[in-house]
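Shared between the two complexes below is chain A, which pairs with chain B and chain C, respectively.
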Partner chain A sequence: MKKKRLPSFVLNFSCLLIYVFLLAPIIVVLLSSLTTTEYIVFPPEGLTFRWYAELLEHPEFIHSLLLSILVAFLTAIIATAIGTLASLAIVRYEFKGKEAIVQLVGSPLLIPSVVFGVALLQFYSWIGLAASPLALVIGHIILTVPFVVRLVVASLVGFDRSIEQAALNLGAGPFKVFLQITLPIIKSGIIAGAIFAFITSFDDLTVALFIVSTDVVTLPVRIYTYMQYQYDPIITSISSIMILFTIVLMIIIERVLGVGKIFSSKNQ
Partner chain B sequence: MLYGNQKIYYLLERVGDSYMKLETGSTINIKKKKKKKKIWDAWLLVIPTLAVFIFFFLIPLFFLFITSFKTFDASTGIGGEWTFQNYIKFISDPFYLGVLWRTVKIGLITTLVTIIISYPVAFQIAKAKGKVKNYLTLLVLSPLLISMVIRCYGWVILLSNNGVINSSLMKLGWIDQPLELLYSEFSVIVGMVHVLFPYMVLSIMGSLERIDTSVLRASQNLGASSLKTFTSVTLPLTLPGIFAGSVMVFSLSVSSFVTPSILGGPQVKVMSYITYEQVAVMLNWPYGGAIGFILIFIATITIVFYSKILSKSKKGVAIQ
Partner chain C sequence: MSYLKIENLVKTYNKTEVVKKLSLEIKKGELMSFLGPSGCGKTTTLNMIAGFLDVDGGKIEVDNESVQHLPPNKREMGMVFQNYALFPHMTVFDNVAYGLKLRKVTKVEIKRRVQEVLEMVRLSGFEKRYPKELSGGQQQRVSLARALVIKPKVLLLDEPLSNLDAKLRQQMREEIVEIQKELGITTIFVTHDQEEALAISDRIAVMFEGRIEQVDTPADIYNHPETDFVSQFIGEVNRVRGKVLEVYENNKCKLFFYGSEQIVSIHSKQNSEIDFFIRPEKIQILTSPSNKGDEIKTIVERKMFLGPKTRYFLKIEDNHIVADISNTMINPNDIHQGSNVFAIWKPEDLLPSRKGR
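Our next item is the complex of A and B:
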């Protein structure tokens, strides 16, 4: 046994270092938002929530945060709705061109977002669609439908269709069957799809960078442009709010779906 | 958490092209009688997605592709003449070839470093059981959920001239002047490894978990040390996972924009950055489009190459 102990110590120690590396930038952002200095410094000097209060004097950050939430919310709802319908067709029907549709729906994952952003900007300027929440939502739908389809297809595969058949035989209409039988069973796939659509949209800088205008700026773009000119702890305080927002979202998901559940479906 | 995982499975399927067929192909054919009516149902279900994808994905990309064969006009951006000049300009100018080489080099180094630091973590998680395993997986995947802009920003704070690393090295007296860590290839690679590391962990973990433990026991019973068992049994069996993860990390790395533009900026120009620069700063749409399509080519060629190798070495064996 003694022989085994040293390698496992080395393994655990190197993993510990890697975990520190993994969490370092996040912890640094959180802690340096509490500094009393005028500039960003780590470790923070003193302890204050001043920079959070200062955010109120920069309403543009709050506006951007609200816009990002709105865009992510709409993206999640629309992408999940159309993605779920498409998944039903992909899993349950055989039709000409299905393979091509599967490939098409997945391809945004393979195209660099910067190229998609350029293409979309050019197209928008041609059709005269100005920067607006709608323009952002459309771009984000393209980015997020692939995830929704993957997750919903996964939950539809292995679905025992005899349950639906039974309901139909018992006299339920197809719509009722869908709402009361199909939907509850594939619920976790749909919720997971919606969550990842929300997070992807909320996080997107690359595509939004091309679409935003001076009035319509999402939070990642706001942070990105702000930090090219200034280096004060306002950025770290708004970033910390975003991090905490994500953590709260994850806790809610944990309560609703359960971490164990998400992982057990993955590990099999 | 499934975010990274799904992307991996997705790319694996694209390159291996087998799961999707398994998943979708087997469940159909349930009813062939009502086929005609059902085809209409199917089209009704896909039409919303299809319409959005054709109008806002295929058509824009197609127009950009067309634009990349146009001349540049300083007043309108896009001239009226057709030309191959944009592509010729790229492959004949040492500056742009240098950018291409830097992009590929950063991708290769990122992939290599990611393999080295992912393996121990994947190994530890694969060995762990129950709750510990769940929490470790959560720990590795959670950074994926935090905004990439913010994570890169954290590295800006850490690596800047008066950042933690420089100031502690100076306090220790190892250096007199701060090292120029930020806005260098080094900082871009650090940021990319940080962003892409979870994908590699998941990929390697997948192949580690598929190893039949009786093989390992057999090796030990036959007298092999744990190191020997690792190098001659475990490692070779996880090569497909390492390989698949590398393809993914490399192609995500060469196409990434956020990390190189925050941690590298104009000092470390990569393909995605000059695409952005040509369009947003120079307003040279045709050339920006051409660079973009060269980037698409570079990012997907590895995957095509990989699937070629995969189909040669018999899909089933390689995937397992």
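Our next item is the complex of A and C:
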């Protein structure tokens, strides 16, 4: 029996549909932040940047944005370091309790984040850790290490270790081999992990809700609480800034590190 | 005299010895092949020499200095891997220059030496390519250049050609020998291809189950195998059985082979049975009996045309042997399936089996 190929416009059309479905909410937010009305509406009525100017009247939004960036940044760096080292251990060494550690590292992905938030709150009050950027960072590290491990393990599996032996053989010490050979080769997995960690932390609401206090409020929590009392386009303007920030960040990473295929399944 | 000296080398995995008290001496500038079936411990031995594996016993000396306690990065050995193991994120130039950069060689000198070695492996002009932009043979050349450029004390090659097609293998192995001789570099070449080993080696170490069975020149390995394993592993052999009829002085016996009698130089007892190996190309075929009485009556079961020669499958009593006959000696059209022919061999071409004597 001959298999008939679908005409290519079917594929193109379904891709288009999926893109529209994925991107529509973002575009709605971006556009409705430009409305002249006092309330959020789509399509926007008129065009103005007024709601961006209004943000300056609300320095707490800017503070929260900066806090979120700081927390996400620290989370990404620490979680990536921990996750990368854990991945190396998991993939390359046999040791007692390895299976348990693999499960433990993956478990935050299985636990609903509300449950995790409650647990964290309990734990922090038990050890006497007050709400602070540090408390947030620790929580987010636990939340994001599994992503990093997933991605770095994927880039380590199938890594040909004779490449490292070749470098050793040419006279490089183990540390040099790691920096000059191993790291560059698994770079894309690590960067992808860092980006995931950053974004997960940056837009975490559920866990942060349990940890924040009046003077330590991340942006998602700020938007959420603000929305409970008011529903004006300031929400959409700050959300748009969040979106644009993420996009700019991705572009910078792409440009600086020159890794076009970070999220592609194949290494190199 | 010997440059690389291995003494009683042992490697144990989970209580099984995979390298068993292996000793070997290699002269400076010599090309030594490790030849043996899969799993006999060739790679394990090579990795111990390179330092990737710790030894569980024994000594490794290079130029009279023991190296078995040095980490691999301090041993100054050049290794070429089966799968090339090029650095995928570096260009050809950077791959080859890597070892020199670690040695803090000046930029100008690096450039000169990399170009020199790339010329040697005929890859000038490929400096800016990445490994994935090269063919298998080219990658293998880069890998060779990368190992050679640091002027290693010993060059180690682990089945370097096994991923290449037959034609390229032959061409590459000649290039490797040429370079090896030109540089006079002491080399170990691991292979399980006997033709390759016979073609390129100064000496061959035939390995089996973690031991070296015989170390000799290719001709001696082929013509004077010292163990049954070597006889059967190198080249092809037939097994024939003879019975001792009479024992003479000076280690000679009269033997009875399938209806014929021959005097063979061997030490044995009356009436004992001895197994011999004989290579297919050492067997001659006659279409009519000679008058010396040393021919053996056989039936042609099958024949196979192989270009310059023809392989005849012969039945002798209930034994089967093969004979390779040059087509210029006998026209294959003269011999048919089912014909009666006579096989003869020279007594000195019989390789006595060590077992069951």
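Criterion: the second predicted complex is superposed on the first by the 227 of 268 C-alpha atoms of A that agree within 3 Å, B and C clash if a C-alpha of one lies under 4 Å from a C-alpha of the other, contacts with A are read in each partner's own complex, and residues count from 1 in each chain.
By our rule, a residue touches a chain if its C-beta (ideal position, glycine included) is under 8 Å from a C-beta of that chain, and two chains touch if they have at least 3 such contacts.
Since we're looking at a predicted model, the values are computed, not measured.
Undergrad: Could you classify chain B and chain C on chain A, in the superposed arrangement, as clash or fit?
TA: fit
Undergrad: Contacts for A:137 in the overlay, against chain B (first) and chain C (second): which applies, first, second, both or neither?
TA: neither
Undergrad: What is the contact status of A:167 with respect to chain B (first) and chain C (second): first, second, both, or neither?
TA: Only chain C is touched by A:167; chain B is not.
Undergrad: Vertex at chain A, arms to chain B and chain C: angle between C-alpha centres to the nearest 10°?
TA: Spelled out: centre of chain A as vertex, angle of 90 degrees.
Undergrad: Touch check for A:89: first (chain B), second (chain C), both, or neither?
TA: A:89 sits against chain B, while chain C stays out of touch.
Undergrad: Give one of first, second, both or neither to describe whether A:176 is in contact with chain B, with chain C, with both, or with none.
TA: The second partner, chain C, only.
Undergrad: Would you check which partner chain A:72 touches, where first means chain B only, second means chain C only, and both and neither mean what they say?
TA: In the superposition, A:72 touches no partner, neither chain B nor chain C.
Undergrad: More residues of chain A are touched by which partner: chain B or chain C?
TA: B
Undergrad: In the overlaid three-chain picture, find the nearest pair of C-alpha atoms across chain B and chain C and give that distance in Å.
TA: So the smallest C-alpha gap separating chain B from chain C comes to 7 Å.
Undergrad: Taking the complex as given, what residues does chain B use to touch chain A?
TA: 1-3, 5-7, 9-11, 14, 20, 23-24, 27-30, 35, 38-39, 41-43, 45-46, 48-50, 52-53, 56-61, 63-64, 67, 117, 120-121, 123-124, 133-134, 137-140, 142-143, 145-158, 162-164, 194, 197, 209, 225-227, 251, 254-258, 262, 272, 275-276, 279-280, 285, 288-289, 292-293, 295-296, 299-300, 303
Undergrad: Where on chain C is chain A touching in the complex?
TA: 50-52, 71-79, 81-83, 85-89, 98-99, 102-103, 132, 143, 146-147, 150
Undergrad: Would you mind writing out the residues of chain A in touch with chain B in their complex?
TA: 3-4, 7, 11-12, 14-15, 18-19, 21-29, 32, 40-43, 81-83, 85-86, 88-95, 98, 101-102, 104-116, 118-123, 126, 138-139, 141-142, 145-147, 149-151, 153-154, 156-157, 159, 161, 192, 196, 199-200, 202-203, 205-206, 209-210, 220, 223-224, 227, 235-236, 239, 242-243, 246, 250, 259-260, 262-263, 266-267
Undergrad: In their complex, what parts of chain A are in touch with chain C?
TA: Residues 160, 162-163, 165-174, 176, 181, 184-185, 268 of chain A touch chain C in their complex.
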